[in-house]
Amino acid sequence: MKWTTKITKVEPNHLVTKGYRQEDLIGNIPYPHVVYLLLRGELPSKEHGKMMDAILTACIDHGVTPPSSMASRVVASGGVPLPTAVAAGVLSIGDAHGGAIEKGAKFLQEGVTRMKEEGKSVEEMAELLVRESREKKKRIYGFGHRVHTSDPRTKQLFNLAEELKIARKHIALSKAIEKEFETQTGKKLPINVDGAIAAISSDMGFDWRLGKAFFLLGRVAGLTAHVYEEQTREKPMRKMFTVECEYDGPEERDIP
Amino acid sequence: MKWTTKITKVEPNHLVTKGYRQEDLIGNIPYPHVVYLLLRGELPSKEHGKMMDAILTACIDHGVTPPSSMASRVVASGGVPLPTAVAAGVLSIGDAHGGAIEKGAKFLQEGVTRMKEEGKSVEEMAELLVRESREKKKRIYGFGHRVHTSDPRTKQLFNLAEELKIARKHIALSKAIEKEFETQTGKKLPINVDGAIAAISSDMGFDWRLGKAFFLLGRVAGLTAHVYEEQTREKPMRKMFTVECEYDGPEERDIP
Amino acid sequence: MKWTTKITKVEPNHLVTKGYRQEDLIGNIPYPHVVYLLLRGELPSKEHGKMMDAILTACIDHGVTPPSSMASRVVASGGVPLPTAVAAGVLSIGDAHGGAIEKGAKFLQEGVTRMKEEGKSVEEMAELLVRESREKKKRIYGFGHRVHTSDPRTKQLFNLAEELKIARKHIALSKAIEKEFETQTGKKLPINVDGAIAAISSDMGFDWRLGKAFFLLGRVAGLTAHVYEEQTREKPMRKMFTVECEYDGPEERDIP
Amino acid sequence: MKWTTKITKVEPNHLVTKGYRQEDLIGNIPYPHVVYLLLRGELPSKEHGKMMDAILTACIDHGVTPPSSMASRVVASGGVPLPTAVAAGVLSIGDAHGGAIEKGAKFLQEGVTRMKEEGKSVEEMAELLVRESREKKKRIYGFGHRVHTSDPRTKQLFNLAEELKIARKHIALSKAIEKEFETQTGKKLPINVDGAIAAISSDMGFDWRLGKAFFLLGRVAGLTAHVYEEQTREKPMRKMFTVECEYDGPEERDIP
C-alpha cells in the first residue's frame, strides 16, 4: 500500500512543498502566492499573485449574520476550543453560501467552451444562456445579493483584473450576461462578489471545483476573529437572539 | 437585544472592517496584513506584516500524516463537499496538534511577567522554569519534534525575527530554555516550529489565546490542497491503510 | 420574523415534543420509538418501533477502519473534546460512506412508482432497472460490500422485516434486483446492510432524504465508543499508521 | 504497528461487538442497551437498561434556541448535506452546553470519594461543598436553568432512579446540595436535567469523562429532526433572525 501525493515531501529536517523548500518560501514568497502554489502546483506570475491576494481579502468577512459567522459564534458560545468553533462556520459553506463561486465558475466555463464549439460571440452566448435559464426557470449563479445592489468588492475585483490584464472571456461573458439579463427582463441583477470571483478565477485558469475553496480560505480569517471576539467579549451561553417561535406540530396529547 | 461587534459594519454597498472600507483593502493591503488587522484591530507595521506572512507560510503543510491532513483526507473519502472535509481537519487542531503554540506562548508570557516581578534575568528565569518543569514532571510545550531535530522552519522564522528587529524577551527566554535544558539534562530538546511561533507572536504582542489561530490560518491552505488532491486523484472509500487490528475485548459469547 | 417548528414547544417547566410531554416519553416510550416520532411525527406501531430499534443497532459499528471511525480517532488524537471528535466522524458520512441508504432508497422508491405507473411486476421492473443501469454503466447503490459477501446484518434485518410483516414492494424489488443481477451478469452482488435499510425504511414509508440519518443515528454510538477508547487508552498524537508515502510532485527547486 | 481495540472484531461475514455477534444484538437487544454495552463493555441489568433509555430520551430536544439546534439549522441553511449540519450542532456541545453533566459528575464523584475518606455524612459533605464553592465563588455545575425552575425531565428521571432502585450516594449528595444551597443562601437553585443525569450516571458507575456523551447521544435525534425540518420546510439562506448589530470598532478611515 503506497500513498502518492504531489503536495509535500517530508523528511527529517527537510520539507519540500511543490518542489520548494519550506524555509525558502517562508518570508520570501507572500502567503497568497503560496496558497496559489498549493492549489495550482506552480508559483503565480506577479499579476496572478496579486489577484489571488485580492480574492482572499474580498472574502474575509460580512459581519455577524451570514450562516458561517453565525454558526461559529453560536458554537463558540457552547464553550468549545477556538478551532472547533471556526470549523463549524466552515461547515456552513455550501451550495447556498459561497457555493455560487463553484456553480458560477462551472456555468461560465461551460459557456466559454460552447462559444468556441458553436462559434458564437460573447454577446450571442450571453443572450442564449439568459434565455435558456429563463425558459428552464433556472437561477443564474453569481448574480444578485440580499444586501448589496452595487457590491463594492465586485467593482474593485474587476478593476484589478483589468489593471493586471487578467480579464479574458469569462469576465466578458459574465458582464454580457448582466447586461443581457436587463435587456430581456428590464430588471437589474448585478454580478455579486461570488460571481466576480467565479469569472476572475476562471480567467486565471482555475478549476471550478475549487470555487468554494477561495471563499473558505479568505473567510476563515473573519471566522477566527468572530470566535475570538465571542470568546473574549461575551459570556458562554449568552442569549443571542429573540426568535419568536411558533409550534405548529401536533396538539398536546397523552402517550398511548 | 443588541449585538455589538468590533469586526465589520455591514450596510448596503458599504462594508467597513476595523475602520477600513473593504474595497480599499482589496488589492492594496496584503492578505496577511488583513489577517493581522482582524486579530489585532490595527494594520501591522511593515515588519510585523512581513512576520505575520512568514508565520502563515510556516504552517501550510506537513504532508499526509498529521491528524489534520489525515482527518481531511479520510473524511473526503466518504464523499462529502470540500468545505466539510477541510473542516474535519481543522477540528483536529487541539492541545496535542498545534496546541503547543497556545501553551508555549502562555508559558513564555507568564515567564516574562515573572522576570519583571521577581527581578530576574532571562538566564535565571530559564534555569528556574526548566528546574520547576522537571521537578513537576511537566512537559515544556514548543520543544522537541517527532520528525525533525533541527526544524528548517524554526531557523528561518527566528532569522526573520532578528532581521525585522522583532526579537525581544520571549524569543530570548525561549532560546535560553533550550540551552538550559541541555545544561541540566545533557539532552537536546530543540525549539520546534510551534515553539518558534509561540515566542515570536508573544514578542509581537499577541494574546496567547490566539495560539491555535496562527496554525489554523496557515494550515487551512494545506488541508484544502489535500482535500482537492483526494477528490480529484483518488476514488471515494479507497483502502487507505493497512492497519493491523487486534480485538482484545470480551470473548465471543451468546446474548443472555 | 417568526420561526415555525413542528418539533418541540418550549415553555417554562413544560416541554412538548410532537404533542407529547417529555416527562411522559422519558422511561415510558423506548428511545428508538422516540427517534421515530421525531422523524415521522407519530409514535410507531409496535412492529415499526421494533424495526426502528433493529435498524439503529445494525449501524452501531464496523471497527476502526471505516472513514467515520478513523476520522473520529484521528481527530481525538489531536487532543480535543469528545464531541468534537465524534462530530468529525459524523462529517465523513457522505455519498460514499452510508450514502447508499439514501441513494438506494431513492432508487427503490422511484422503481416502485414506475411499477405502478407502467403496470409492471416486481420481476419486470428488476429486469429493466438492472439492464438500464448496466447500459448507462451506473452503479446500483446498496449492493456489494468491500468486506462481506453475506452480511449477517442484512440477513437479520430482512428476517425481522418478514417476521414483523413490514416487508412490501421495496424489499421485494430489492431482492429481485439481486437475483436479476446474477441472471444478467453471472456475478453475485449481494444486498449490503445499506441496501437492506434502504429497502426496509422505504417499506416503512420513510422519505429517502432521511437515508443518511439512520446510519448517523446508529453509528454515533460506535463513534463515541471509539473516541472514548482513544482518549482513555492511547496517547495523544500517537503514531497511528505506517503510510508509505511517495511524493510525485515537482522536483526540488530554488525559488525564483 | 498494531492497533488494539475492545470494541468490534471485523471478519468477513462476522461482526462481533463487545463479544456479541451483531446479528444477535439486532432486534433482540434494545438499542439503548447496546449503547450501554458500547460504553461499559457489558450489557446492562434490566434496571440499568431502562435508566439508560430514559436518559437518552431526556436529552432529545429543547426547541430551536439552544446553541446545538441553532448551529445545525444555520449550517443547514448554507445548503449542505444532512450529516454536515447535524455535526455542526454536535460541535457546540461544550463546557457551557451539556458540559454540566461532565463537570457535575466529576464534582459529585469527588464528593462521594471525600465522604468516604473523611468519614462525613451526605449532609456534612453537602454543607462543606456548598460553603467551599461560595467561598471560592465557584459555580456548582448541574444546578439552575435559564428557562425552567422545576424541570419536568429532572423529576421524571429521579422518580425512575428511585423506582429502579438505582439511587445511591451521588443522587443523595446532589439532593442534599440543592437543600443546603437554599439553607445557606435563602435562594433556590434547583437541580437541572444535566445535574440529574450527572447524579444518576454516577450512581450507575459511569466515568464522568462520558458526561457529554449522554447528552450527545440523545440530542443527535433532535438535531437530525431540526436539520430535516430546515431542509424540507425552509429555503436555503433564509433570513433567520433580526439581530440588531452595533459596530463599535474603529471609526471609518482611509488606508495608510
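For clarity, chains are labelled A, B, C and D in written order, and residue numbers in each chain start from 1.
To be clear about the criterion, contacts are C-beta pairs under 8 Å (C-beta built on N, C-alpha and C of every residue); 3 or more make two chains touch, one makes a residue touch a chain.
As the structure is a computational prediction, the values presented were derived from the model and not from experiment.
Considering the contact criterion stated above, the chains in touch with chain B and with chain C alike are A, D. Using the average of C-alpha coordinates as each chain's centre, D ends up farthest from chain A.
Counting every residue number used by either copy at the chain A-chain B contact, over half are found in both chains. Remark: chain A and chain B have CA centroids separated by 25 Å (rounded to whole angstrom). One inter-chain figure worth recording: chain B and chain D are separated by 31 Å, centre to centre, where each centre is the mean of the chain's CA atoms. Of all residues in chain A, those touching 2 or more other chains are 1, 3-10, 21, 25, 29, 63-65, 80-81, 83-84, 87-88, 91, 93-94, 98, 239-243, 245, listed in ascending order.
In the complex of the two chains, the chain C residues touching chain A come out as 1-10, 16, 18-21, 24-25, 28-29, 41-43, 80-81, 83-84, 91, 243-256. Every residue of chain D that touches chain A in the complex is listed here, in rising order: 63-65, 67-68, 70-71, 74-75, 77-80, 84-85, 87-88, 91-99, 146, 236-237, 239-243, 245.
Contact residues on chain B toward chain A in their complex (touch as defined above): 1, 3-10, 12-15, 17, 21-23, 25-27, 29-32, 34-35, 38-39, 50, 53-54, 56-58, 60-65, 81-84, 86-88, 90-91, 93-94, 98, 147-153, 155-157, 160, 207, 209-210, 212-213, 216-218, 220-222, 224-226, 228-229, 231-233, 239-242.
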